[in-house]
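Right after this note come the structures.
In the two complexes below, chain A is the common chain; its partner is chain B in one and chain C in the other.
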Partner chain A sequence: MSDEEISERLTEIGETIIQKVRNDQVPSVQIPSRTTSNIVYDDNAKCYVLGEKKTNRDAGNIRHVKRLAQMLKVASFCKSELMGSERHVTKRELYYISESWGDKLKFKTQDRSDDLVEDIEAMIGRPREDLKINPKAKGSIYGDITLKFKNPKGETMKVNCLDSADGQSIGPRTCEADIVECNADKVIAIETDGMYNRLMEENAHEKFNAVLVNLGGQATRATRRIIKRINELKDIPAYVFTDSDPWGLHIAMVIIAGSAKSAHINERLATPDAQWLGVTASDIKNYKLRSDELRDVDFKRIDELKDDPRYANDERLVNELDRWEEIGKKSEQQALMRYGFEYVVDEYLPAKLEELGAPGF
Partner chain B sequence: MPGKTAEEMALDQKEISVAEFFEKNRHLLGFDNPAKALITVVKEGVDNALDACEEAGKLPHLKVDIEEEGKNKYSISLKDNGPGIVKEQMPSIFGKLLYGSKFHSRKQSRGQQGIGISASVLYGQLTTGKPAIITSRTDKNSPPKRFKLKIDTVQNEPEILEEEELEDGFEPGTEIKVFVEGKYLQRYHSVDEYLKQTAIANPYAHIEYSNPEGEDFDFKRAAHELPPEPKEIKPHPYGVELGVLGRMLKNTDSNKILSFLQNEFTRVGRTSAEEICRLAEVDPDKKPGKLKHSEQEGILDAMQKVKIQRPPTDCLSPIGAELIKNGLEKEIDAEFVTSSSRDPEVYRGNPFQVEVGIAYGGELEERDTEKVKVMRYANKVPLLYQASSCAITKALEKTDWKRYGLEQPGSNGTPKGPATIFVHLCSTWVPFTSESKESIARYPKIVKEIKLGLQECARDLKRHLSKKQKGKKEKRRKKIFSNYMPLVLENAVELTGEGEDLSIDPIMQRVIDEELVEKVEEGEEDE
Partner chain C sequence: MSDEEISERLTEIGETIIQKVRNDQVPSVQIPSRTTSNIVYDDNAKCYVLGEKKTNRDAGNIRHVKRLAQMLKVASFCKSELMGSERHVTKRELYYISESWGDKLKFKTQDRSDDLVEDIEAMIGRPREDLKINPKAKGSIYGDITLKFKNPKGETMKVNCLDSADGQSIGPRTCEADIVECNADKVIAIETDGMYNRLMEENAHEKFNAVLVNLGGQATRATRRIIKRINELKDIPAYVFTDSDPWGLHIAMVIIAGSAKSAHINERLATPDAQWLGVTASDIKNYKLRSDELRDVDFKRIDELKDDPRYANDERLVNELDRWEEIGKKSEQQALMRYGFEYVVDEYLPAKLEELGAPGF
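Then we have the complex of A and B:
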């Protein structure tokens, strides 16, 4: 969405207030409720979305009046300082910027400013990246794909993601870049830095005609956003390659169906037809991987995921959860290294990609 | 080795004088260590001075002066404006232990045994070798007399070293000066604290005090009338013990047991007396002195069984709720003070009465997180030591202070908070746990009365705290709205670029004026 449109939506929040005061009413605004009771699973979109419930933030309520003033200040700041400029700020920066707004308006802790940004996202129905408030860049992308974006100086530039040694890092500009050209026919997202590096060095992108994405753990919004955009715009499948434990599986699930915390914008982040590639629970036995015992927290996590609607309808994933419970073991991606450098690209990945019906297999 | 014969043993046995006994058992009377001894000397002097002034119907004016006279040596001088003492009695009062007028009396007074002041003289003589100097003048028309005296510890008799008549220049009253070994401290257990607490409980007394550091204190009067003088009463049958009964039977002027019971005890009329004799199976006409031991036991037993009216309580001299409040207010710069004076009650035939006061906040805020300070009193005398065995402490710990707005970790024990709690017990016979009179025995009835008194004051405190809390909330509410409502509009104007003509003040005023209703709403507590 363009900066002008975002500005307009922000202005609407202020207009609600002005209107009420003009009518001699106590000013207030409606915010889509982000409490757990209002987060519902949308079977069609295959992700969590917000329900219909709204909360009222009311200047006549002692608990609300400060946050209402702060919300209007943040909206006003985004409109006047960020919209129509090439500037982006991080959430952390925003927290520090609030120092300059005086003792009354400044945020006491960063979670208060983070929370308010999420309120505004929910109100305007757009992610904070549109407000030019960014998460820190964590992921990177490597492969034959060409992106076009404006650099911080405002100059348009094109980058082929094979042209940088460690891959193109995924930040605010990359994730919304135009995809000029993409010769790959699949995306493989990888949980750990180590395995990402292994696949680059073993030429996996060429062998599998794939774009490699380094998640570095739980994927950031920007990383989820670019996976979704490549998947949708270029119509190519995405696979997620993680450690073999419930936490790894859930990294894949957040890419597939979004997180509860970002329910208000999941439709822009989730890639519903992405698939989890492994390492699966069954792989531990089949590939005789070195493993560790599951701990209490792991078992607890398995129980939680079994109750989660995102898993309920996926027989394959539920079976894998059962399997972990049954064998009581977990393994890391790197456990495959016992068979040498090439094994993962020569044996393991081809077998898995074939199993999932990937293009070219 | 052959044992001693009875005759040989008899040679070893000799009478020991009271003074000798004291010499070996000084801890029994409060002279256990140098710091405590200093307080005890002041305490005994102040007790006597206040009792004497009150008995003479004079508003007390005391001057206490302590000076360091060398390493761990102090002189203590104490002057009152009381009736003075006639020359003949001066040596005995100060130079003979167990000489006094109060031991046999059932009247509320500070001193009871007549041992205190002469014990101070003896203590001084034992630790410094110096005599006490006593000066007294009964009125303007007779000259002041001065004695320097010691106690002959074997004979328990005063030993006068010097005796003189002074020129004019000494205001009527009595002054005692002793030289003692001691240690001056400035903590809770200190002379400073003792006198401050005395001033609170005796707000009709004016006490001037100069401590060894050269600091001067002036505890002024907050009242200008003496409390009514307590009346003397006879013992009540429920509170008498066999030994006392035996002595009374021996000393009475009554010829018959029936009249003895009516004359020597309070609340015993002819009917009760007859009933006692009947139950004890004792001839009512029998001469009191002729009662056998078993008959005495019978009488004592019967007295407990017969229903007898409670003793009169006008023999008590409470401080009174108003004076307690005045006393606390004048010595503590508190934000809130309350007090209560319970109706008299009776334990084992002895009338007693409980009075309580609480001071909260103000200068006490400085010690916010500490335990409350407790001031314990028996017959207007502060009790500084042995708090843990005292009925007052027990009642305090058994009270649920959380209900009244004070912290109480673990739901029992001494509460925490910026408060001072004052508890006074007065009685014709205070049941102390030991001779040094520092702790009140924990009779269930006494503990219960103290607890009721504490609760009465605590309810007042709770009301005050709730009111304060409400005021604080309202103030905070007003501040938040007037801080942020204008900012809501200001930023909406900045965001939209319109509405500069608007003012939010009327809306804000309406919100602030709304009844303060606790709204339970969804939404996070800010701040």
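Then we have the complex of A and C:
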């Protein structure tokens, strides 16, 4: 969403207040409730979303006054300092910036400013990245995709992600850049840095006509955003390639269906038609991979995922959860290296991409 | 060091063995000992180095035979599969690759293959990056510096690090790229991702004629390598900008003087004339920064650093360690945000760079 549109939504928050004052009412705003009881799984959207419950923040309630004032200040700060500028702030910076707002408005602890940012996200229905409050950068992107963005001096630049030695780092400008061209027909997101490098070096981006995304573990919001944005561009499917354990599978699931914590904004972060490519539990046997014993904490995680609505309707995933329990083993994606450098691109990935009906297979 | 030179050094290991066999001697190699008792602080090099002690690995000793054979296999693998190619492997990949070497040679656990790689590093006196065994990528680099490297297809490419939205990700190709041009006259390495982005957005690279390096916490070896290589290019000084606590200071120290664990290779990783820029303990008071209480674990860390030879001869650093103890507080670099977006580039950094005698100040 453009800076102008976001500015309008932020202005609406202030206008609600002004309107109430003019009508001799007590100023207040309605905020979608983010308590657990209001987080519901939406079968259509295939992610957690917020229910109908709203919280009232009311200047007539002495306990609410400060929070209401802080919310207006944060909204005003985003509008006047960030919208229309080339600046982005982190949540941490926002917390420190509040120091300059005086003793009455400054935040005592960062969890309070973080919480307010989530309130505003829920109210305007847009992720905080649109407010230019950006998550930590992690991960990188490589492939035939051209991004258009403004550099710190406000000059418009275009960069093709193949023009880099190890990929473009996914920071605030990359995750929000205009995608002006994407000649790839799929995205492959990879859990580990080592496997990402392997795929680059074996030319997987060219062989599979893919954009490679290095997650570096659990995907940050910035990385989820860019995957979703590529996916939305022209239905470019995304495949998530992880270790063979419940943690790896759940890395894929957070990309697919978002997290409960981001229920208020999942529809803007999740890529519902992304697919988990593997390494599956079945692969451990089928590919004779070196494996380790599952530990108690892994078994516990499997049980948790079985009770999770994001998994309930996906027979394939439930079967794989069962399979891990059955064999009591887990493997890493790099275990495929036992068959040499090329195996993962010559054998493993083609088999998997075909199984999942990927374009070109 | 070029692939040819590394190949020669690896070949020498094999030739030592062959020579002994020809002379009817028991095959053996001498390996610099990496035990604690052989790690000494070198006042001239200003880092930990290895002493004179050597370990003998001897085919006449049944306990050594397997390790010796594995060492030759790893050296041979690096020579035949990696040297002269565009491939890099992680230590983890090497461990899995050993699966294909048969039951007698494969590594039981990764710590054994890691240990062997360090033996080879110590024997040839070069870091494993020169063997194309690369560390995890983390961090990114932004500024007017042009890197030349080969892409996965073996094509030579040149990229200026200003031509990216959020900086180039520092992976295997970036950390070893030829630096064909560097118009900056200093490097500023930054602990946190948030402050790195702030400096980018406030045009610090241009204002200070600097290359900005995002450490993202403790610097990886890859990041330390690129800082050292820029520094060596033409005495370009490096400044490390961290949080104000003993952990932040030690992030700088590992860049300056290396770690005890990498004693066998510190002279290739450390940048002895890099300087810690701050945020210092004194800055907390001088700049009235929001601070937190030091905890027990922080005080303990201060005591450890005071006993560390890397700090002993640096009066400024010892004073700052004392200062933290005295005030009992720590701060984050982003606490400078209380003075607004520009303060860090308009006031704080110029004052610090002048104090440290940086070029242009």
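The criterion applied here is as follows: the second predicted complex is superposed on the first by the 351 of 361 C-alpha atoms of A that agree within 3 Å, B and C clash if a C-alpha of one lies under 4 Å from a C-alpha of the other, contacts with A are read in each partner's own complex, and residues count from 1 in each chain.
Please note the rule applied: a residue touches a chain if its C-beta (ideal position, glycine included) is under 8 Å from a C-beta of that chain, and two chains touch if they have at least 3 such contacts.
This structure is a prediction, so every number in the text was calculated from the model and none was measured.
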Chain B versus chain C as contact partner of A:159, first or second or both or neither: second
Contacts of A:59 with chain B and chain C, given as first, second, both or neither: first
Partner touching more residues of chain A, whether chain B or chain C: C
Which of chain B and chain C A:104 touches, first, second, both or neither: first
Which of chain B and chain C A:13 touches, first, second, both or neither: first
Contacts of A:26 with chain B and chain C, given as first, second, both or neither: first
Chain B versus chain C as contact partner of A:35, first or second or both or neither: first
Contacts of A:140 with chain B and chain C, given as first, second, both or neither: second
Which of chain B and chain C A:69 touches, first, second, both or neither: first
Complex contact set, residues of chain A against chain B: 10-11, 13-15, 17-18, 21-22, 24-27, 33, 35, 55, 57, 59-69, 72-73, 75-76, 79-80, 104-105, 108
Residue ranges of chain B in contact with chain A within the complex: 477, 480-481, 483-485, 487-489, 491-496, 498-499, 502, 504, 506-507, 510-511, 514, 519, 521-527
Residue numbers on chain C that touch chain A, as the complex places them: 81, 86-90, 92-93, 96-97, 99-100, 134, 136-138, 140, 147, 149, 151-153, 157, 159, 162-174, 177, 192-194, 197-198, 200-203, 206, 214, 216, 290, 332, 334-341
